[in-house]
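Two complexes follow with chain A in common, the first pairing it with chain B and the second with chain C.
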Partner chain A sequence: MQNRSVKPIVILFVCLVVLSFMPFIIDPGSYKYLYNIFFIVNVTVLLATSWNILGGFAGQISFGHAGFVGIGAYTVALLHYHLQWSPWLALPLAGVVTLLAAVIIGSIAFKLRGPYFALSTLALAEVTKLIAEGWRSFTQGTQGVVVSPGPLLSIPSGGALYFVVSLWLAGFGILCALLIKLSKTSYFFLAVGENEDAALSLGINSKKYKLIALYISSFLAGITGGVLSVHTGFIDPSSGFDMVHTVEPIFLTMVGGIGTVLGPVIGTVLLVPVGEVFRSHFPTAHLLLYGIVLVVFARFIPKGIMGLFRKKKI
Partner chain B sequence: MITSIIINGILIGLIYALLAIGLTVIFGVMRIINMFHGEAVMLGMYAAFVLFDKFGISPYISVFLTAPIFFVLGSIIYKFLIDPIPAREREITSLIITLGISFIFATSAMYIWSADYRTVTLPFSQDVMVFIKTRIGYPALISSCMSAVMIVGFYLFMSKTYMGRAIRATELDKDTASVMGVNVKWISIATFGIGVVLAAMAGGILSPIFYIYPFVGSNFVIKAFTIVVLGGMGSVTGALVGGIILGVAEALASTFLEYSMKDIMAFILFLGILLFKPSGILGGRTRL
Partner chain C sequence: MLEIKGIDSGYGKIKVLKDITLKIEKGEMVALVGPNGAGKTTLLKTIAGMIVPSKGDILLEETSISGMPPHKTSARGIAYVPEGRRVFSAMSVEENLLMGTYLKKNRPHKTESLRMVYDLFPRLEERKKQTAGTLSGGEQQMLAIGRGLMMRPKLVLLDEPSLGLAPLLINSIYKVLERLNGEGMTTLLVEQNVKKALSLCKRAYVIESGEIVMKGPSEDILCDENVKCTYLGI
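Let's turn to the complex of A and B:
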């Protein structure tokens, strides 16, 4: 690995370590609302990065991230409910189970090109939600499942723990995106996303790269779902498979800059706190805001905020 | 028993087919997936509801009154938001733009009409007729017949009129169509308008038999996509066949399996057709 590749990773790592000391400076006990927003920002960074790896890097638009998040969330909740697993222990499995779902959907949807993938992921999100609602003996149906996270390595669960865990998970997501972007694979992704025919004619196995992007993305989205259900302590079909989990990453990535590592991070850090405050005052109005901003950015500023600093490669 | 299930399935299938035609036409000509198709259906339902509630106009008549408005709406959206996107990025960007539009419409509908479930109750809403031992509600019967008439009408429009032929020529080959004197740009704008009108009309026709609420569109959009994929993208005949298959499959599933299986049928059909016959049931044999 050359110097060029190491520098951004070191910067990321330093940022994560420095931010990890936040709970010592701002007391999580007295700033509960603030830490709640911090947690949401971290988790959303992870989700938006996950969407961006698939939609931005490889050019495969997913309308099914709500499905991935829901599968991850239910994996943690059901392992806890049926087998009394610690939710923390189940967190990696949330990613793995979601990945398995992605293997199935990928093997069907990538047989074809064009818009079929977007539609298949949409179908996945809806079908998993219907299963969660309908299979009452296993998922408790619309009643939902309660998750009570115990301490992690004897650290009691609370604002500080959630903050640090979500922060490092977000860091892990960004690291995945960085490693892809800095490696040769990113050029294959770019080629497949920009012009699949040309990529194929150059001997690039386009299906393979689309699948890789899907697997990484679904794994990260599953983890997002898992950590969300640990934090909320409760999961039901309408919260786990909320359409917002599909729309928010698209919206934030488009605003920040699709196809860049920093785009989803910038979009999330700038807009999620605003959105949270907005949401607590005008429920559901944030969807109207998302719609308008999405249209305006996709139509007039397709490269997002990152596009304004075109010289930066990452 | 089985005949009555199938008859009811076919009746609802005809309405589903009308739902899908607007989507398939837009996809066929422009290769654009219109994500706010469901919201166009929803707006059509509310338009029918408002006209019935305020002025007592039957939805079966009001769909024709509101059609020009929806045509203008669709044309404006295409002209100003989708057409200017460079062709290379259009497939992906149009997905995102139409998704954004769908959220704008659904949320606005919630602010205008609130989240309450609305119904259009016609004087004959409770009446039933019996046909081969099958109980059929009058609103469902009239809506299905009207869908059938409109599908036939649209088929004739596409096969007999200049406009319809121009649309199909554009669908087959933009460049050749343009050489033959077809104004491809105008045809694209008009096709998008027509697609939105068809969705809104389907919504209006559906309004007497379904609940109306702001987020109702998402229920229909998945069904419409399934039908389009079943029938082959861009095919009107395919949409008719696909609609009837979906309607019958749902009717059978809700009778013989659990009721909640009804909504899953669409996805099973969708993924099944992608897996085994991605070109659609008619296998791309039909031109229209």
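Let's turn to the complex of A and C:
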């Protein structure tokens, strides 16, 4: 690996280590609300990054991320409920199971292209939700499943633990995006996303790259779902498969800068805290705020905040 | 080099091509002309493997490539240059060209191939660091052709290189095609610009509503009364 590629990874690592000391500086016990927002920001960074790998890097717009989040959330909840697994231990499996689901979903959805692919992912996400609702003996249907996380390696679960875990998971997501962006693969993703026919005519196996992007994206989205269900302590079809998990990452990525590594991070860090504060004063009105911001960006700054600094590739 | 034996092809249930037979010898530049919607692009896409023919066979150097996916046909040496200048607009000119060396067998020749393309299109060398999306229409067409040539193909399928270009640019593109023809590049040139295409290629096929209605030396086709009044407006 060249020097050029190592530098951003080192910076990322240093940021993660420094931020990990946050609980020693700001006491999670007395700032519960703040740590709640921190957690939401971290998890949303992970989800938006996951969406961006598929939608931004490879140009395959997904409306189905709620499905991946839901599958990940239920994987953790059901392993805990049926087999009494620790939800923490089940977290990696949330990614793996979601990836396996993506193998099936990808084989169906990638028969279509462009907007038709996007719509089919929306439909498939709804199907997974219906399965979660209908398969009562296994998922408890609309009753939902309770998850009680317990300690991780004798660290009691609480604000500090959730913060650090979600921070490093977000860091893992960014690392994945960074490694793709710094590799040759990102060019093939870009080529396939921008013009699949032209890519095919050059001998690029477009299906292969679309599937790679989907698998990485679904794995990260599944982990997002898993950590969400650990944090909430309860999962039901309408919260796990909530359309917000599809809409929010798209929105935040668009605002931050689609197809860039930092775009989803910047979009999330800037907007989610504002949205959360807004929400606590005017319930559901944050969606109105998001809507206005999105319209303004789509109209005036379509490349997002990162687009304003055009030169940097990351 | 390329032999198409009685293929039927189309999109799903819609049949576009009926019983197309066509042959291109090594080193030959052959024109395929016809009106809008005649099936010219469909034929190129079928040869490139983007559409699987429902009947018939396609042979490249005596081996069947019929039904092969596009990334396999390009590995066999077919370079399809799609119409409408499909460049990767977010990449630089040179990055676009280097995408043409995706296949492993083309990578060792990377520098040579770049040299060759820059010699053909000096304009591309001047703009190699520029984002492809900011090129003019003519430059994008040069880039699309150059990217295809980076694959060191045995056969080039060129889809309407003159589409939407100013006459002056058409001329400069055709000069390059003439040079490639002189160097013995085997090419199937699809055009609506009948006059241009027939003046360059020695042999041509005329396609109408999915069928080859005429074939032969370009002079004969140019003299044909029917062709004259339908395509040339004389």
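Heads up, the rule we're going with is that the second predicted complex is superposed on the first by the 313 of 314 C-alpha atoms of A that agree within 3 Å, B and C clash if a C-alpha of one lies under 4 Å from a C-alpha of the other, contacts with A are read in each partner's own complex, and residues count from 1 in each chain.
Criterion: a residue touches a chain if its C-beta (ideal position, glycine included) is under 8 Å from a C-beta of that chain, and two chains touch if they have at least 3 such contacts.
Small disclaimer: the values here were computed from a predicted structure and weren't measured.
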| item | value |
| --- | --- |
| Contacts of A:Leu130 with chain B and chain C, given as first, second, both or neither | first |
| Contacts of A:Gly291 with chain B and chain C, given as first, second, both or neither | first |
| When both partners are placed on the shared chain, which of chain B and chain C touches more of chain A | B |
| Chain B versus chain C as contact partner of A:Tyr116, first or second or both or neither | first |
| Partner chain(s) touched by A:Ile250 [first = chain B, second = chain C, both, neither] | first |
| Which superposed partner A:Asp197 touches (first chain B, second chain C, both, neither) | second |
| Which of chain B and chain C A:Pro283 touches, first, second, both or neither | neither |
| Interface residues of chain A shared between complexes with chain B and chain C | 194-195 |
| Complex interface listing, chain A residues touching chain B | 59, 61, 63, 108-109, 111-112, 114-116, 118-120, 122-123, 126-127, 130-131, 133-134, 194-195, 243, 247, 250, 254, 284-285, 287-288, 290-295, 298-299, 302 |
| Residue numbers on chain A that touch chain C, as the complex places them | 187-188, 190-191, 194-195, 197-206, 259 |
| Chain A contact footprint on chain B (complex, rising order) | 27, 31, 33, 81, 84-85, 88-89, 91-93, 95-97, 99-108, 110-111, 218, 222, 225-226, 229, 258, 260-261, 263-264, 266-268, 270-271, 274-275, 278 |
| Interfacial residue positions of chain C with respect to chain A in the complex | 48, 50, 69-71, 74-75, 79-82, 86-91, 95, 99-100, 102-103, 144, 147-148, 151 |
